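Here you go, one structure.
For clarity, chains are labelled A, B, C and D in written order, and residue numbers in each chain start from 1.
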Amino acid sequence: MQHLWLIPVLPLAGFFINGLLGRRLPKAAINAVACGSVLVSFAWVLKTLSALGSLETAHAESYFTWIESGALRIGADLAVDRLSAVMLLVVTGIGFLIHVYATGYMSHEGGYYRFFAFLNLFMFFMLTLVLASNYLLMFVGWEGVGLCSYLLIGFYFRKHSASTAANKAFIVNRIGDFGFTLALFLMFVKFGSLDFARVFDAAGKLPAEVSAGWLTAICLLLMVGAAGKSAQVPLYVWLPDAMEGPTPVSALIHAATMVTAGVYMVARSAALFLKAPVAMEVVALVGLATAVMAATIGLAQRDIKKVFAYSTVSQLGYMFLALGVGAFASGIFHVVTHAFFKALLFLGAGSVIHALGGEQDLAQMGGLRKKIPITFATLLCAAVAIAGIPPFSGFHSKDEILLAAHHHAPWMYWVGVITAAMTAFYVFRAIFLAFFGEPRGHHHPHESPPSMWIPLAALAALSLGGGYFHVSRYLELMFGPGEAEHPASLVVISVAAGAAGIALAWLMYVVRPGLADSIAQSAGVLHRLVFNKYYVDEIYHAVIVRPTIAISRELLWRFFDAGVIDGMVNGVGTRARGIGGVLRLAQSGQIRSYAAWVVIGAVFLLYTLAMSGDGQ
Amino acid sequence: MNFFLLTLIKAGIVAVVLLTTLAYLQWVERKVIAHIQLRLGPSRVGPHGLLQPLADVVKLLTKEDVQPREVNRFFYIMAPLLAVGLALTSIAVIPFGPTVEIAGVETNMQLADINIGVLFLLAISSISVYGVALAGWASNNKYALLGGLRAAAQMVSYELPLALAIASPLLMLNTLSLREIVNGQEGFLFGFLPRWAIFQGPMPQLVAFAVFLIAAFAETNRVPFDLPEAENELVAGFHTEYSSMKFASFFMAEYANMVTMCSIGTTLFLGGWHPPFPHAFSDFVPALLFFGAAAMAFYHGLNPARRKDRLTLPVFALVFAAIGLLLLLPAAQTVLVPLFWFVSKTGFLLFVFIWVRGTLPRFRYDQLMQFAWTRLFPIGILNLFLTGLLVALQK
Amino acid sequence: MDAGLFFLFAAIALVCGINVVVQTHPIKSALSLVGVMGALAVLYLLLGAEFIAAVQVVVYAGAIMVLFVFVIMLLNADGETRVSRARLANWLGIPLLITLLGMISYLIQREIPYSPRVVFGAFGRGGPRDVGRLLFTEYLLPFEVTSVLILIAILGAVVLARKEIE
Amino acid sequence: MTAHVPLSWYLMLSAVLFALGVAGFLFRRSVITVFMSIELMLNAVNLSFVAFSYQWRQTDGHIFTFFVMVVAAAEAAVGLAIILTVYRNRSTLQIDEVDSMRN
C-alpha cells in the first residue's frame, strides 16, 4: 500500500478547513493550509513515485466497495501508472505554483478563504479524476472539476457577466457530460464493468468486425465528453467566456489542468480508440478544426486573456490532433509542456493585469517592458515556447505532433504548420502590444510581489527546459514507440513558420504600428468575421438557445406543464378535498380521540393476528 | 455460617459505626471550621465538646415536631426518609477491606459485592434527587419549592460530569465491580508510587479525580455549591419547614452523602484499602501513628493548658496506645490495617470537604450551572475520550 | 424465593401502575411511575438483566422522571378540570381497553403455551460486558444513529425552551 | 421452597401495565399525565423485551430495551419542552383544550 488516497484527500482536508473555518482564520493560516495541503500532496506524489520505481505495470489500490448493485460493482479504487504519474506531477506541481501565485494575486480580494477552499476542492476532484481506476470514479472527478470550474468562474458573482459565463460553462459542459454518461452506459452494457483494466481487456479480446460499430459509438460519445471538457469544436464556446474568473483560476483550471482532462481521458481510453479507426479520424479532424479556427479568432482579439484563451483552445486542438493520429504519447507530452507555458502565459497576463490595476484591454497597454521587467522576461519565455522555437519546450512537443500528423496525412501537417505560424503571430502580437511602443493607458504599473513572480520564474524555467523531460519516451511503454525517422526538412519548415509569425508580428506592431489597422481595413469582411469569432455565439443563440427556450415555453410550459400536469394535480387536489371533507369529521383535534383510533387499529391488528394461523 | 445471618451481622456493625461517624462528623466539622476561623468550637459538653453530638441528638429528638397545616402529609414525611435512606444505601456496596477470615468465617469486608457496583452507586445517586425535590414541593412554601427546584437542577446537572469522571478509571480497570476496581489498583509503580487510578497508566486520572471532587461537592449540596439551602436567599431552602427529627434526617443525609462520596472517591481513585507505602513497612505505620498520638496526648497531659486536661489527655493517650497495640497483633492486623488505610483516605477527603467549606464563598446560581455545562462537562468528556483512546492504543 | 420476589414486585408495579392512572395530581402520578420503574428494575434483575436494571434506574427513574417532576414543580401543575371533549375516547375507552387486554392475553397464552419457568441466575448474559459487546459490534450503527437522535433532541429542547427569554 | 414463576406471567404483567398506560392515555386530561402514560406503556414493552430475551437466551432484547430508554429520554426532553411552550402560550395543561387542529 502506498496510500494513494492521501494525494487527493489532503487538498480535500484543506477545503474543509478553509471552507468551514476560513472566515475566522487569518490570511496567513489560510495560505498555509491551502498551499501546504497541495505541497504535501505533491511531496506525497514524489514519494509514491520514487517508491514505485519504474512503474512498468500499474499500481492499484482498492479501498472499499462504493456501489454494488447486481452485476455492477464500483470500487473506490485508485491506480497509478505512467500516464497518471505524469498527470499527477503536472497537476500537483503546477497546482502548487499557482496556489502560491494566487496568495499574491488575490490578496486584496474579498472572499479570500472561499477562493482557496474552492481551489483546494478543485485539486481534490482533479486528482481523483487522474487517479481513478474506473470510469465512474473518473466521472466523479470529471463532474467535480466541472463544479469547481463553475464556482470559480462565477467567483465574482456580483458581476453579471461572470455569473453568465459560469452558467454557460456549466451548461455547455452538460452536453459533453451527457455524451460521456451515454458512453458509460454503453460500456457497461457491452463489457459488464467500468474498471479500466477489465474494459480494455474485454475490448482487446473482441474480434474487430463484431465490435467496430459499438466501439465506434462508445468512442465517439467519449469524444463528445472530451470535446465539452476540453473545449473542442463545437463545444469550445465556454472557454473564452470562462476568463471572467480570477486569473489564477484561468491558469490552473482553464489552461493547465482541467481542460486537459479530455485529452487525458481519450489517452486513457487509447485501447478503445485504437480499435475504432473511424473515431480516431473524427478526433483528429475535430482537433485540427479547433486548432485552425481558434487560431484565426485569436488573431484579432483585444483582451489579453481572451487571446490566450483562444490560444488554449487552439493548443488543445493540437493535442486532439495528436491523439487522433495515434500519437498518444506526443499528445500527453504536449499537455505537459502546454501546462508549463500556458500557465505561465496566464500568470504573466495576470501579473500585467495586476500591475495595471485590472486593465485587460491590449489597446490600453504598451511600453510595459521597462516597468515590469520580470513579468516581461518570463512572459517572453512562454511566448517563445508556444511559438515552437527550439530549444524551448513547446518546440519539442509540437514538433512531435506535427511529424506524427505528417505521417498520418501530409495535408494535416501543412494545416498544422500554418496554425503554428498564426499562433506565433498572435501571441507575439499580444506581447508587442503590451510591452513595446508607447504607454497608451493612464496607469501606474508596479512589479508584482515575490509570491507572484517566484512562481513565474519557476514556470519560465520549466517552459525553457521542459522539453527535455522526454515524456513521450517515458510513455512509450504504454502507447508503443513513436514514429520512425522523418526528413529534417519538416522540422525546419515548422520552426521557420513559427519564426515567420514572430517576424510578422514584429513588423506589424513594433516596426510599423499603423500597418495592422490598414490591413484590417482592407480585409473588411474577413476581419469582422474573425473579430466577432465567426459569430458562433450568435449562431448558437439563434439556432439552439432560442428554439430551446421557445419549445420549453410553448410546449413544455404552456401545454404540458400548465395543461396536463397542472390539470392532473388540480384534479387530484379537488378529489382530495372532496374526500378530506368527509374525513375531516374524524379530525376532532382531540388527541385522546386520536389515541382511541390508534387503539382501535391495534385491536384490529391483534384480531387479524389471532385469526391468522393458530400457533403453528 | 448462614449467608443471611452473616450479612445481618455485618450490616449491624456497619450501621452502628456509620451512624456514630455521622454524628461525630458534625463535631469534627464544627471543630475544624472553628479552628480555621480562630475559634474554639464546641467545648462545653464533655472534654473538648466530645459529647456534643450526643447532646444534639437528644435535643433533636425531644424538640417539638412542627408540621405546617398546608403540607402534603405523605410526601412531607416521605421526603426525609427517602433522603436519608438512599444516602445510607450506597454504603452497602463499598468495600472497606479485602476478604478476611474472622473466627473461621471467611468474608468480604463489604456488605454486598455486586458485579455492577458502580452502576448501583450511579443509580442511587441519581434518584437521591427525589428526597430534596419532594421536600421542597411537599412543604408548600415558596422558599422550599425554589430550594427543591434548584437542588433538582443542580444535582441532575452535576451528575453528568460525575458519571463521566467515574467512567474514566473504569475504562482502565475494565470492570464495574468495586472490589475488582480496588484490586486493580494494587501494587506500586517504580517501587514507590502506588498504582492508584490517579497515578496509573496509561492515563493518570488526576483530571477525572478533580472533576469527581467538584461534582461531589455539588451532588452533596456542600459549599461552595450549597445553593439549595442558601440562607440569605431562601431562608433554609428545601428544609425550611422541617424541624426536629425530620430536620435531623436531612442533616444526617447530607453527612451520609459526604461519607459515601468520599468512600467512592477513595475506592475509585485512591486505591481503596491499599496502603500508600510498600507492605512490609506499611503494616506498622498505623501502629506507629497511634503511638505517636498517644505520646503527644501524654505530653500535653503533663503540661496541661486547662485544669481538666490533666485528667482527659492521659486517658486519650491510653486509648490511642491501646489501639496502637491492637494494630500490632497479627490477628487484628489483617482486618484493621486495610480498614485503617481506607478510613484515613476517606477521612482525608472528608477533611477536604470541611476545609473547602471553611475557605470558599458560595457560587451564584447561573455561575454554578454554567460551570457544570461549559467547563466540567466538556473536560469530563475530553478526559473520558483521551482515556479510551490511550487504553485502546495500549491494546 | 423467586416467586415471592416476583409477586411482591409485580404487586408493587401493578399498584403503582394503577396509581399512575387514578391519581389526580400529576406529581403523585409521577412518583407512582417511579415506583413502577423501580419494581420493574427488580424484575429485570430476576430475569438476569443486570445492566438494564441499573440503566432503568439511572435513566428512567433518575433522569427522565426527575425531569417530569421538575417540570411539574416548575409549572406548579394542578389536577384536572372538568373539561372533557374527546367523545370517542370517553365512550369507546373502556370496551376498547377490555378488548385489547383480552386479545393480548389470548395471544400470549396461545403463542407461548409452554413457557419456561424463570429461575434467577439461569440467564447470565445480561451484564454490562455482554450488552456492551453486542452494542458496539452488531448494533453499532443503530447506536451511533441514536446518539445523533439525542443530539437533535437536545437542540430541539433548547430551541423550544429558549423562547422564554424573548 | 424455591417456587418459580412461568415466563408468561411476566408477559401478562407487561400486558396489564400496557393496558394501564393506554387507559391513562385515553382517560386522563392533563398533558403531563398523558405523557407519563406513554412512558408507562414503554416500560411495559421493555419488560416484555427483557422477558423474551430471557426466553431465547439472547441479549438482543436488552439492546432493544436500551434503545427504547434512550429514545424515551430524547422524547422526554423534547416533549417536556413542548409542554413548557404550550403552557406558556395557552396557560393550560388540559389536553382537551389544546385543539386548534380541529377540523
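For this structure, a couple of remarks:
Everything that follows uses one rule, which is that a residue touches a chain if its C-beta (ideal position, glycine included) is under 8 Å from a C-beta of that chain, and two chains touch if they have at least 3 such contacts.
A quick note: this is a predicted structure, and the numbers were derived from the prediction, not measured.
A count of C-beta contacts for the chain pairs A-D and C-D puts C-D on top.
Between the Cα centres of subunit B and subunit D there is a gap of 37 Å.
Spacing of subunit A relative to subunit D, judged by their CA centroids, is 60 angstrom. For this pair, subunit C with subunit D, the centres built from the Cα atoms lie 5 Å apart. Work out the mean CA point of subunit A and of subunit B, and you get 72 Å between them.
Counting partners per residue, subunit A has 588, 590-592, 595-596, 599 as the residues that reach two or more other chains. Of all residues in subunit C, those touching 2 or more other chains are 51, 55, 63, 67, 74, 85-86, 89, 93, 96-97, 100, 104, listed in ascending order.
According to the touch criterion at the top of this document, the contacting chain pairs are A-C, A-D, B-C, C-D. Chain contact summary for the complex, subunit C toward subunit D: residues 1-4, 6-7, 10, 13-14, 17-18, 20-21, 26, 29-30, 33, 36-37, 40, 43-44, 47-49, 51-52, 55-56, 59-60, 63-65, 67-68, 71-72, 74-75, 77, 79-81, 83-86, 89-90, 93, 96-97, 100-101, 104-105, 108-109, 112, 115-119, 122-123, 125-126, 130-131, 134-135, 139, 142, 146, 149-150, 152-154, 156-158, 160-161, 163-164. Remark: subunit D residues 22, 25-27, 29, 34, 95-96, 98-103 touch subunit A in the complex.
Those residues of subunit A lying in contact with subunit D across their complex are 584, 587-592, 595-596, 599.
By the touch criterion given at the top, residues 588, 590-593, 595-597, 599-600, 602-603, 606-607, 609-610, 614-615 of subunit A touch subunit C in their complex.
Subunit C makes touch with subunit A in their complex at residues 85-89, 92-93, 96-97, 99-100, 103-104, 106-107, 110-111, 113.
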